[in-house]
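One chain, subunit A, appears in both complexes that follow, with subunit B as partner in the first and subunit C in the second.
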Partner chain A sequence: MIFLRALLTRLLTMAITLFGVAVVVFFLIRVVPGNPIAMMLPPGATEEDIARLQALYGFDKSLLQQFLIWSGDVLRGDFGTSISLRQPVSELVLGRLPATLELSLFALLIAIALGGLMAFLGTLYRHSAAEAAVDVTTGTALSVPDFLWALVLILLFGVLWPVFSISGRVSPSQAFEFTTDFYIIEAFLRLRFDVVAHLLSRSFMPALALAIPLAAIIAQLLKQSLKETMHLDYVTLARTKGYSETWVILREALPNAVLPTLTLIGVQFTFLIGGTVIIERLFSYEGLGNMAIDAVINRDLPLIQGIVILFAALFTVINLVVDMLYVVLNPKLRHA
Partner chain B sequence: MRDARAHIRRPLGARLWLSGTWLSILALAAVFAPWVAPHDPLAQDLFLGRLPPFWMDGAEPGYWLGTDSLGRDVLSRMIHGARVALMVALVAGTLTCIIGASLGVLAGFYRGWSDRIISRLVDIWMAFPPVLFAILLIAVMGPGLVSIILAIVVIDWTRFARVIRAETLSQGAMDYVASAQIAGRTRFNTMIAEILPNILPTVVALLTLEMGIAVIVEAILSFVNLSISTDSPTWGGMIAEGRTSVHQAWWVLVFPLFTLFLTVLSFSQLGEGLKDRFDPVLR
Partner chain C sequence: MTQFLDIRNLTLRLRGGPIILWSVSLRVTSGMVHGLVGESGAGKSMIGKAVLGTLPRAIEVMGGEVWLDGVDLLALPPRDRRRRIGETAALIPQDPLTALNPSKRVGPQITRRLIDILGWSKSEADQRARTLLDEVRIPDIPRVMRSYPHELSGGMRQRVLIASAFAAEPKLIVADEPTTALDVTVQKQILRLISEMRIRHGTALLFVTHDLGVVSKVCNSLSVLYAGRVVEEAQMPRFFMRPIHPYSRALLAATPTYLDPDGSLQPVPANVIEDVENENHHHALRAGYDV
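Up next, the complex of A and B:
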């Protein structure tokens, strides 16, 4: 009951947030001086042509009218037509979303693996030089954002020791025919593990750049929770029973220490997705973020709106899922 | 409230020393750039294109860190780039801090309507991917130093507002605030005299972190070619150029990247160090 009411309140705030985002982006990009359809006009277009095109895209109406029409269309799932690419925005955006999602999820997995490993090592060798090394590493990793890590990775593994691809999602020579836009998942389901390996190696650098700061956050928080748990009586009991330290950390301490980290991962995951915008650009990865920067440079208003709304929807949905998961996973809140 | 123990000076941590030293060097270089830089950062000389740094074969004396493809001195461009970076860090960081922290205190101390509106705005802002938001704002306002500073303020005030609101809420619930009220202080006076001094350490730490973020945002915007005009050298712009010619002249990318890396790391370590130092619980 409580759960349901919480869900409904959250859905309502989510709707308000998305509406707010729509208002902000709609009016913000219309402050831009200049005619948004100017770049579509062939040289020598007459006044009449301009008026016709403006009417076609609805730019001849008042701002408020434009907003009402646009919101009505959006609610019906129609995001308009891209000015620069001349295709429906919803098609373009949904075609790119899988690439960004795959990259983000890959980065998340790397972050969890790396962060978890660091936290484990830091706990296992606590109060020693090794723990200090873990602290310095995570402190540095956290202080520097994904953009700089990406450049460092490009330099190290793309130029000095070129073992990884630093450009594009798929190699141009890759002959595999994809039927969906979820390349990695599709290749996996069709049991083409060679293609999976190829795709993973191509997105490893951008994913790692996105993962490093998050891995550091996970390592710091999880290590702290683990160390607090290691003092508890039941952990001492497990140790006196003769279990190895590794076993004690992983089987006894971890299940009780992991909840704060899980919540944090949820929140941080949206920041990670936000980071894909510039990371995709750096690695020429054909995702949503790369398309967004092109859309801004080309002043493609319908496309910018569509991409921003989609990102906002993604962020709010993830936050909602995290909040609900927290309620489900936290035994103290379950029967409240 | 001052505790006697607060007067016992702890030695400054190594990270405060290191980051402080680096940022001081940078600040000096930025202020005295025209006198420190060995060359004009814009002077092109196609006969001196892609000279390597001083320890490599083919280096020209005087061009310590080599030249880019147009023959411009890398070291001089980095020194002049420090001006833009530190200017953005200082101005954008301070403005963001003042606006964000004020809104945070307002929401956390007065609560009610102001809190509801500010928190809703923060929710909306958090749903924007920040880099895309920044690029969008620059596209709207046009490139330039003022646009970059404004964009950073518009995007990042939420960082301060969220943290300071939470901090103010927890401070406001403490007994000392209640006793100040009972003693007859007005709400406003309580806020200024009691709450503000207690949230100041958090504000200072956040401000230092924000300066690092501002430097990065400027670099990202120069990187996508939306920063200030191409006449002023910026680290981001140098990195973008260096990225395209990295196979022929790695030094054009490596030196600005390393400088940016150190600077961002220093701001962040300074913030962390100051937070620990001012934290009344740890002190």
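Up next, the complex of A and C:
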């Protein structure tokens, strides 16, 4: 009951947040210079042509009127038509979302695997040279942003030692016919593991670039929490029961030490998705981020609005999921 | 009479720092209770930790042997040592509030090790846990086994920990100040419970405490520790009637008794402390340690 009320409160907060985002985006992109209509017409178009097009897209009305019309449409599920691509925004955006989601989730998994492994090794070999090596590695990984890692990876594995693809989501020679936009998941469900392997190798470089800084933060925070937990009495008690140190770390300490890291992953994952905008561009990956940059270049106002709102919705949902996971993992919160 | 636990000349030091245990020897006979008394910092807990293989990494074993059930633990590789300890010994920890894993239900905290380490079936382990929880007089056992630690009181948690310590039928249990963190009214019940369980299961007990009153109630013999050194080892009734070492006498004089509740308590005199510290110094020089 209390849980349900908390959930409803959260959903209401989410709605208010999304409305705020909609307001900010709508007005912000309209005060930035640049006229979408001018971009559509060839040079030498008459004033009349411009005025006609502006009336067609509703740009002749006042800002407030435009906002009311647009938000009314949005509430009915209509995000308008893209100016540059001349297709419904919702169709375009939802068509690209799966690509970005798959990339982000792949990056998140890599980050958790790498970061978790580093934290585990640092804890197992604490107070030794191995722990210092972990600290140095994570420190270095953290001090370089994801787009620079992308350039490093492109240079190393795309140019000097070309083992991974650095361009595009699917190879043009791939004959597999996809019926959905979730390529990896679809290939997996249709048991075409050769296609899964192909897709994963295509997105491995961008995913790794996104994952490296997050892996470093996870490693640092998780190792710190684990080391503190290893001093606690119940961990000592587990040692006297004959469990190996690996078991003690993973089964006794980890479930209690992981909570702060989980919150951190939630926050950082939204940053990671933000990072896809540049990373997708660098790797010519056909996702939302790449589309966002094109939309901005073309001053495609309806498309920009649609993408930003979708990103905002994604972030709030991720935060909600993290909070709920927290309750599941920490029995004390269940009664609170 | 077999010496179930036999510690010989155990010397510990802080890595790169001072010596904290000076060639300590003590024996616990199977089925008996041996008390380990001393003030804070005397090193009594370190002996317990050395026996159970839970010494902090900052502490280094300089020499000595710890024989547990015929095996020198210190001569074993770490993995085997831990396994051996898990099979033959157990710990009743000091603070029941922190000694149970907060994210796990109580039942599995007793049964998991029986299943994981000793290869019991789940139903055997559950049955065993229920029997033990009944022996430590826990009411409503199915509910308690499903509870998380924060849902139980301190006294209940200590009972759970006692049951858990006896779960694998260890031959030795180290009780590290098991009543210090508890309410005075609960302390007595828990002490009685430990004695009762020990007798029923025929387990030897190494009882670490700073409370001579507790020792007089539960122990068959004791070692008095001061500044990392055993200053006196004695059988039970004799110690309280005729303590030999000056520090033991001073310690007894500093303990209130029921017989003479108004009698003045004597602080441990400074010359006694100096004597022991000088002994330590001589001992270190004889052993060739760098002090």
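Heads up, the rule we're going with is that the second predicted complex is superposed on the first by the 322 of 336 C-alpha atoms of A that agree within 3 Å, B and C clash if a C-alpha of one lies under 4 Å from a C-alpha of the other, contacts with A are read in each partner's own complex, and residues count from 1 in each chain.
Criterion: contacts are C-beta pairs under 8 Å (C-beta built on N, C-alpha and C of every residue); 3 or more make two chains touch, one makes a residue touch a chain.
Keep in mind that what you see is a predicted model, and the values were worked out from it rather than measured.
Using the contact criterion defined above for the overlaid structures, shared-chain residue A:G20 touches subunit B, although it does not reach subunit C. When subunit B and subunit C are set side by side, the one touching more residues of subunit A is B. Judged by the touch definition given at the top, the superposed model places A:F147 against subunit B, while subunit C stays out of reach. In the superposed model, A:F176 lies in contact with neither subunit B nor subunit C. Of the two partner chains placed by superposition, only subunit B is touched by A:V308; subunit C is not. Residues 120-121, 123-124, 126-132, 135-137, 139-140, 212-213, 216, 219-220, 223-224, 239, 243, 246-247, 250, 253-254, 257, 260-261, 264-265, 268-269, 272 of subunit B are the ones that touch subunit A when the two sit in their complex.
The part of subunit A that touches subunit C in the complex is made up of residues 126-127, 232-234, 236-244, 247, 252, 255-256, 329-332.
By the touch criterion stated above, subunit C contacts subunit A in their complex at residues 52-54, 57, 79, 82-87, 89-91, 93-95, 98-104, 113, 116-117, 148, 150, 161, 168.
Of all residues in subunit A, only 13, 16-18, 20-21, 24-25, 28-29, 31-32, 139-140, 142-145, 147-148, 151-152, 154-155, 159-160, 270, 273-278, 281, 289, 292-293, 296-297, 299, 304, 307-308, 311-312, 315-316 touch subunit B in the complex they form.
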